[in-house]
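Labels run A, B, C and D following the written order; every chain starts at residue 1.
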Amino acid sequence: MSTDLDSLYQEIILDHYRSPHHAGLREPFEAQVHHVNPTCGDEITLRVHLSTDAAGDDIVSDVSYDAQGCSISQAAASVMTDLVIGKPVAEAMKAHEAFLELMQGRGSVEPDEEVLEDGVAFAGVAKFPARIKCALLGWMAWKDATVQATVVEHVETEETA
Amino acid sequence: MTVTQLPGLLDGLAILRADFPILNRRLAGDWPLVYLDSANTSQKPQIVIDTMVDHLERRNANVARAMHQLGAESSEAFEAARDKVARFINAPSRDEVIFTKNASEALNLVANTLAWAEGPLAIGPGDRVVITEMEHHSNIVPWQLLTERKGADLRWFGLTDDGHLDLSNIDELITPATKVVALTWVSNMLGTINPVAEIARRAHEVGAIVVVDASQAAPQLPVDVVASGVDFLAFTGHKVTGPTGIGVLWGRTELLDQLPPFLGGGEMIETVTMAKSTFAKAPHKFEAGTPPIIEAIGLGAAVDYLSEIGLDRIHAHEQAITGYLLEGLATVGGVTVLGPRNPVERGGAVAFELAGVHPHDVAQLLDSRGVAVRAGHHCAKPAHLRYGVQSSTRASSYLYTTPAEIDALIEGLAFTKTYFKVG
Amino acid sequence: MTVTQLPGLLDGLAILRADFPILNRRLAGDWPLVYLDSANTSQKPQIVIDTMVDHLERRNANVARAMHQLGAESSEAFEAARDKVARFINAPSRDEVIFTKNASEALNLVANTLAWAEGPLAIGPGDRVVITEMEHHSNIVPWQLLTERKGADLRWFGLTDDGHLDLSNIDELITPATKVVALTWVSNMLGTINPVAEIARRAHEVGAIVVVDASQAAPQLPVDVVASGVDFLAFTGHKVTGPTGIGVLWGRTELLDQLPPFLGGGEMIETVTMAKSTFAKAPHKFEAGTPPIIEAIGLGAAVDYLSEIGLDRIHAHEQAITGYLLEGLATVGGVTVLGPRNPVERGGAVAFELAGVHPHDVAQLLDSRGVAVRAGHHCAKPAHLRYGVQSSTRASSYLYTTPAEIDALIEGLAFTKTYFKVG
Amino acid sequence: MSTDLDSLYQEIILDHYRSPHHAGLREPFEAQVHHVNPTCGDEITLRVHLSTDAAGDDIVSDVSYDAQGCSISQAAASVMTDLVIGKPVAEAMKAHEAFLELMQGRGSVEPDEEVLEDGVAFAGVAKFPARIKCALLGWMAWKDATVQATVVEHVETEETA
């Protein structure tokens, strides 16, 4: 049994769980969302701060959050921030898609370490259907907030244009 | 006189019948069961029964909320059933498939949430709901309750003498005041197949919502929610070879999102505090409490069973049997068929009168020979009234019905006439 | 360390366990199933499964409306199930027993018909509905929807630190403005058994209606609607060893007669014309459409099964197991039990926290050893909030639970602590 | 099979069905009711006329009705009128109870011909659960109307007293 358990609770996951990266709520931010896993009650409040680089592309400048939840949901949020902060939104969205694909692959998807880095540790989660929602909670919140922030930004751009 | 081949009849009917254990049942007097009451409820193939038993004996657990292995297996089977149903009706999204307890609840769900809706979907004085005179009570009473409670008007399409919808006054009925048009795809009494797509098109021109009762269509026609162009569609598990206790409401996402919740409770919430709750998205928003888990799983097996045979082939079979039945009835003096005489215009439920014998007595005599039909108003009192009859006898076939069973019915009617000394 | 005898334990537990086929299930890693999630849904004895299968394979037909032999057999079995349920709760009349799809629908039925009620039962501004902070969402959300929609006030009993209802302000809560008092008999999270009869007495002094959620009581206590003095009582089939898709609402005839119908459709009518319908009497008035026939029949077999064992004996068994469980949890460092510590004050569901490990992770570790428990808010978010916890792990026993299974849980918790390096 | 059928459709029943006694709606009457069998749609409109005999007891002077329904329901109404018309209400109620008992006895009750006369022919109906409601439709309507008429009478008596 422990093999299966160990494939779920990879050391990397437990490390992120014990000392989550980028935790806490910070300023500035363009969008804040609150997501809940209705089944178990896990919650996350998450803020996104975007900026524009020289080429005019949106960059994820900061993602800050306050999360209550299990090891998987907390670690996934932590890994997610590592993956998206500092990246162009378009590239971060690709990581999001790759992670989603990994989770929905029922254990048959081979994760790409280039794209997912520490996120590859979650490959084992895909074999535990009940935990997939845990791993996705932070990612879904991030995507929602980023979409909102992008809209805000573009409205502002239009207004000032 | 027994015919074993008719064009359109399902191949391998004898083998297919072996899927249905009840068809071996022998009744009083050792008569074999001749089940001609499938429009009332269908019989169940072994695969549906076995799927439910296997789940109960090996995998039973609550869904969604249970994270253990049994819970995961149960949730997976339950949600797979939703996928199967979505495929069965060609739903654009599985999240548009809501499990209810039967078709009646599905129709009430729409009417009740409209009663509490605010904004563009709200219904009030001056607004109109249009139904038809051939509806089952389950597609009449919810709209009567809605319009009465909200001070709106209830109108309806009448019927032609030959059992079709009278569409001659469609422009008077479907006007900008019309908020909802609710109609049956196939009548459970007259058998009539209605031009649902055409009526949906007209209703949409005035911005009305189209609610279709597919309780009799889903068992015997290919049902495609996209092609039919409707907004909501309801059907019931027990008529598509599935169990009782389960029905389906399909609705377009944009509309489901605008409707308030139906019943409140576990599973339909996002978060709850004592003062205030927020709600999950469809389908969960409309599925309060522990869902009919075993029943959904049984329904999934049922729609897969039907799809494997093919709804086109089932439809052809029903039309062949119905044609044969109509011919047979024509040979019995004193029989008047209600509804279209042309099998192509109708489904496999044929209601009729036998001069001089009350439908109860007809059904009783047939039952004494093992032939099960329904007698009464079939939950369609207004349609009976329209044709000046208080009740009728209804023989309804399904994919397992053989021409020999129709022969047994016709012989039974001859016996009935002799017994009651009529004709 | 395994105990096989505890005072109160059911005699012949090993033989009784053989009634439940799923208890032979082996899970991943060949661990035997240790099912401690019975407050979520109970397992089913063979007799319940077989009764349903026999009906499906030999007697399946619609009820009431079908007059043929199968229809008569089906109606008889269905109505016999109503008799069995009436006996199970000591209902003065079988016509007071309404079949719903689950407990949630039963509770919503009361709230929704009150929303449309006229006359003395009508609820409006200035009126008050009182619930409690330990309710399941299914006994919170319907009352939130009702009071919001009708402009009435929702109030609630708070909880004491040791998991009981705080009745200190009962006189402020139950006043002449109070129209409904809705509460659970046994909490599904805290396990607390509430003084239902006493609260009903107080509520009746001000003329309020008392609605009791017996979802957790019916499986494990003798429930007597007369002795408890309540007006409405709801429970759900799948927690009393019956199938999903069926629930029960019992209500006093005088009140059922005053309420408007719930859903509209077949079976609940007296007569229907296009313009107007009149309705049948209870229970049919509240049972629109084809009822959950197979499910009611299964429920009938289930309540007979429980009655044969005896609810007193089941209650004693639950208390013995719960006592043993509480003792076991006390030996695991870092465990905090939510709700009363005294097994006599509670039912067989024990929610707890394990310091340093999230309930999901506890449940996952237990699951890896075949021990099925529930983790989360158990549809009781407000009660969790009251005790400052976001979620908890819940172990819930039933008549088939053995002391050895409790041992497996306790060992699993020790393993969990080791795995997560806590304590 | 025909034996069972014949036990249901006794000649007496078919005779009453073909030529029902006391059919039609007549004046005077103190109460009129309309009863429906919701399952099959059978209907009866029934009037009761009561009078008081020398001893001051209520007598069923007339029962008139308009019924639509099957052989069993029509014949039962006809037989019922034969049994109750001219009888004291109390005695007619006894016949009602005896008939009810016969119907609910699942074929195990031996009917008393003294009390039920032609009504004994319905003994076979008790073995056909689906038809019991048919046989009871007219009887239930009569009981309902009689109770209403009795109340009316007594109110009138009180008013004139």
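The rule is short, and it goes like this: contacts are C-beta pairs under 8 Å (C-beta built on N, C-alpha and C of every residue); 3 or more make two chains touch, one makes a residue touch a chain.
Predicted model, so just to flag it, every value in this text is computed and none were measured.
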Winner on C-beta contact pairs when A-C is weighed against C-D: A-C
Chain centre separation in whole Å, for chain C relative to chain B (CA means): 31
Whole-Å separation of chain centres (CA-atom averages), chain A against chain C: 38
Inter-centroid spacing, chain D versus chain A (mean Cα positions, whole Å): 77
Inter-centroid spacing, chain D versus chain C (mean Cα positions, whole Å): 45
Contacts with 2+ other chains: residues of chain D: 39-40, 128, 131
Chain C residues counted as touching two or more neighbouring chains: 28, 65-68, 71, 269, 271, 360, 364, 375-376, 381
Interchain contacts (touch definition) - all pairs: A-B, A-C, B-C, B-D, C-D
Interface residues, chain B side, partner chain A - complex: 64-68, 71-72, 75-76, 267, 269-271, 280, 284
In the complex with chain D, residue positions of chain B that touch it: 28-29, 31, 358-361, 364-365, 368-369, 375-377, 381, 384, 390-391, 419-420
Touch list for chain B against partner chain C, complex: 21-22, 25, 27-28, 33, 35, 37, 40-41, 43-44, 49, 52-53, 56-62, 65-71, 101-105, 107-108, 111-112, 116, 133, 136-142, 144-145, 149, 154, 156, 236, 238, 243-247, 261, 263-269, 271-277, 288-295, 360, 363-364, 366-367, 370-376, 378-379, 381-382, 385
Residues on chain D engaged by chain B in the complex (per definition of touch): 1-2, 4-5, 8-9, 14, 39-43, 68-73, 128, 131, 134
Chain C partner contacts - residues on chain D that touch it in the complex: 36, 38-40, 128-131
